[in-house]
């Protein structure tokens, strides 16, 4: 047998973004268990490293993985700066960098060796704008966290929605912010038809609770946003406050397909108490992509060959059909419009509309 | 030497003590009868303060026994000793700096004839400064407060470590008078350390002199007043004068 | 005799307490002057104002004719006003040598020099050595100050003040806590200071005060009660009543 | 003792404190030898060198002047951004970047120094923390300049001295960082043994007496604060240059907090504390993290607790003992 | 506008409850306990478990959170905190950060890294309007509970002998013992109280600030701000500091969201420079 193909998996396993790391780590393990560790005739060996969400740690770990451990693929990357910090290394060492979570649109432009299996924020926000415009929403107030992804979501939503004839007001929340009262109060005074929100998934629940507490739902304000606020991972704990939220995203654990049912079941069996979310799917499909590329190259793990094989690769993911855009190396996928509802006793994001084969709109426009 | 007719208040047997690794006191024996007071003399650094601190229990004991009014305090903690009836005026005064003058008194108070009003009667200056914080007092005022604070415990035995240091001559005079009255009329016992022996020999019943951590002279104070040369021998001319 | 240090109407109050109350005071050149008074009379407060530790509520301080009321502490030292503290204020982790070297280096204006090596500075070395011998602390010069006996620390306190080569030296109870035998040594050291240094002494030990001072000011309740020669003060009935008491020297 | 004899003794005593100890020489030889000894770990070594420089900076104000700070990351970040921006927009020369980083951070230190002159330890901790957090938010807000949360991209460094290119193995990076560290260490060593350094210790020990001895406390503290800021800026510049990337993280609170731990582990006030602390902290973190990527924090925490509860004297004792042994060896060799 | 003022006050109250336990240990015992947030987290998790697993009502889980944190506080005080009292502040910082790390990783291991939530009883949900001011029921509840707490603490520490004995013990433990003050018992009691308050704060705060294993790190800065700005010599200090910061933060973010992130830090720096010993520090010599 040939030597194993090493994959350096760098994730935030500790710190405020630990849940991202855990979802992906669990998904990667699940992939190896379900689909086998041998692909293209070679065994996959995953080396997990924790960067705690610090960009220079990510960079150093990536460098060490390349130099010392001779990994053939770098994967993981929970946050945009972490993926960005590694781009140069990927280029220099000609090692593919599989981004499984970070969602700022520009990441794949930082290096020709970056491929993404998660999503981009514009990809999820623009369909929301279209849907809102079509469904009688005239005036939207956007509330986003003041950092890269938030600004991405805000701009792509606002631009699209204005083009569609709506009016938008915006406010940004600082990164460290325990209380949403002042922002929600502004929303409540502006009396919009809908509130578009993007906050990092951990604080989504807090936001939703205060949204309800302030009586905005009763005042007739629709809550819309990307799937991040109603992250499957914590949805159950949020309770009824999440009911009725309309979001657009590429994955819901309630996605109605046999493949997904089996995936969710297996995931929950391996990780009691956890529900797979979009991070997990990004991780799972990242592994899938690596496996497919190795199959295609018949086990040749040199960077350029792998990247070539990844471009244009397509498969049926648990989220629906996906394809790697050969031009941008971003993922092309369906975006679903979902409503948060009770399924039995559990809360779920139930998909009710599908927008097919969405490319990252930012790059598509260029 | 101790009066056999009076009951014993304090008995120290073969006490050795020090700080950390250093031993300062060696085999100290001492008995004090109820109602009697003791002058503790000696040159600088011979261990006077260490002896007083060992009685209250804030040094490191290396051997020996301490009994107060028949109760063995050898293993007792400082706070238990204080409750057993010892009042302490530390050499450095150690006023509680974030407590007011009044709180410094009430925080340690125990029931008995001494209360804040009586302390203020003894040191009118303190009454004027009742609400000052401990660190807003002049040096002498702190000294007065330290004495008053010890009295608030209503002790059977008062430990006074250089109580006249930093006080104006006129206050010293008054303080000594007041102490004399306490010793003679209220039967309070005390151990008094003093640099100037002559100030306190009249006040006390007995005297011991320390030298390098050992007792080198134990005598009735009255005898020493009569025979000053014996003190001179141990303390040098200046102090005994 | 000309005045080196003068205060005009100097007052300081803490809330309701007036610690010094319109004090007019003159220290003559080369004086051996003592400041006495009951506890809480305001002596320490007075010295603290002179040296800039406390800011006067009102009034003026002049050092050799110049107004120094608002000068920062270190500037007063540079102009020749040094002090000791009632409670030792030493550099615990330094050796006596380092402490004296520090004061000397500041006086020589070297303090802001970031690269010069101390031992290469011969002037500094010479003057430091001179102070160490004058105050007889050369035998303990490389032990940590914090570990030295109290009497020695007291001596270092005075040596450090003197190392600033002051024209006025303020001594706040320098002998407090120093044993009888060493007390005289200490005072002799002070008495032997050069004539052009004016000394103001605060002390409760009347033996020392009367032996040392040629002039005495008595402060009571923040005000100057009396001033004069030791002889005059010892017999002044008001002073006896307020401070000395009955048993005092006649 | 006669005067000349005493003067000689005084000189010797003053000289003794700044004499090179044999252990110091061994330490630096080992630091440079590590380049050959651990070729696989140069990246980690580079991080250690940078952290050591950063800790040296904190030691200057904490160990020598008694100023505690929980916001030292402000200067690290300032240096990193200054060096990064310079490289991106003006010149890619490493030394220019280093100077820019030091200058910018030093200026920030000078401007903010009045804030730390007064107050208790606690107020100082919080004020420095506040300044760093404000800077963090500023860097986030001015994302057009700094790249915001995405980080400053596209830094390309020219070779050091026009000869040594930054390679992926970190060879140039380590030697470059270590050389800068060594040079700045030499300067720091001079400074702390100068009259200026002595006056800092005086202020730390007893500000009241220092002022009464003629030391202008405020000006000296401001000066050393500025110097330390420039040192931290140098560390930031090295970080930006050797990783060719700057993210908001350089300004984050955990940087300052970790730094504090590093210095306490190594011991403040003798210049090597920060260096030793940096080595210990990074190695420990790396070691534990490679065993248990998910729960390494627990073990670091346990280490810190045990360290304070009892081990601190032990480790510092061991360091002293080792130094003493080297000294004896050194003397033996000299004889 | 008044609505937003009310929100600010409630936010300040939560800050106060979380911080006041720390002013008890840090201000009164002069012990820098950065692990304070860990006790708050403990309280939070106890409340969550009590409600989720034992099905206890919210009100019953609050005292439980207090007791559990106080109990753990006492045990830790006995076992490991006591030798720390005499060490330097830097040692205490390092020690308690170590504890925080352990608590963060340990909780993560035991409870997982996801956010925890509680369900409030119906009477605490929603809001009502009084004279045009929207008042959230839960926020009102928090204000009432915390207000009562503030008053009784202030009374306890300044007006009672317990308070003055405790301060005496902090000023000089050796002499305090020599004068009959049971220092160890006072400290243990106070530590328990401080930890208990943290636990209570953690439980009350879940609804407004969330709860996950990184809680002690995330909110450490806020506790510290409250305590330093408030000063460590009283309870009123941190109380008003928390109010001021809470209101300024909320109102500032409402009026000028662009500078929202800076307000609390800038205010802290300004306050600390003008009042370095805290808002209500008693004059010092």
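We call the chains A, B, C, D and E, going by the order they appear; numbering starts again at 1 in every chain.
The rule is simple: a residue touches a chain if its C-beta (ideal position, glycine included) is under 8 Å from a C-beta of that chain, and two chains touch if they have at least 3 such contacts.
Remember, it's a predicted structure, so these values are computed and weren't measured experimentally.
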item	value
Other chains in touch with both chain B and chain D	C, E
Fewest touching-chain hops separating chain C from chain D	1
Path length in steps (a step moves to a chain that is touched) from chain C to chain E	2
Intercentroid distance (Cα basis), chain C paired with chain B, Å	31
Distance from chain C to chain A - Cα centre to Cα centre, in angstrom	74
Whole-Å gap separating chain B and chain E, where each centre is the average of the chain's CA atoms	44
Separation of mean Cα positions, chain B and chain A [Å, integer]	76
Set of chain C residues in contact with two or more other chains	14
Per-residue overlap in chain B, given as positions that touch at least 2 other chains	136
Residues of chain E whose C-beta touches two or more other chains	104-105, 108, 261, 283
Touch relationships between chains, expressed as pairs	A-D, A-E, B-C, B-E, C-D, D-E
List of chain A residues in touch with chain E within their complex	14-16, 18-19, 22, 146, 171-179, 181-183, 185-186, 202-203, 205-206, 209, 213-215, 233-234, 237-239, 273-274
Residues of chain B defined as touching chain C within the complex	43-45, 125, 129, 132, 136-141, 143-144, 165-174, 195-196, 236, 238-239
Interface residues, chain C side, partner chain D - complex	51-53, 72-75, 77-78, 82-83, 85, 89-95, 97-99, 101-103, 105-107, 110-119, 121, 124-126, 128-130, 132-133, 138, 141-142, 160-161, 163-164
Contacting residues of chain C [partner chain B, same complex]	14, 17, 36-41, 43-44, 86-87, 149-151, 173, 176-177, 179-182, 184, 204, 206, 242-248
Residues of chain E touching chain A in the complex	3-4, 7-8, 11, 104-105, 108, 112-117, 119, 125-127, 134, 136, 138, 207-210, 212-214, 218-219, 222, 249-254, 257-258, 260-261
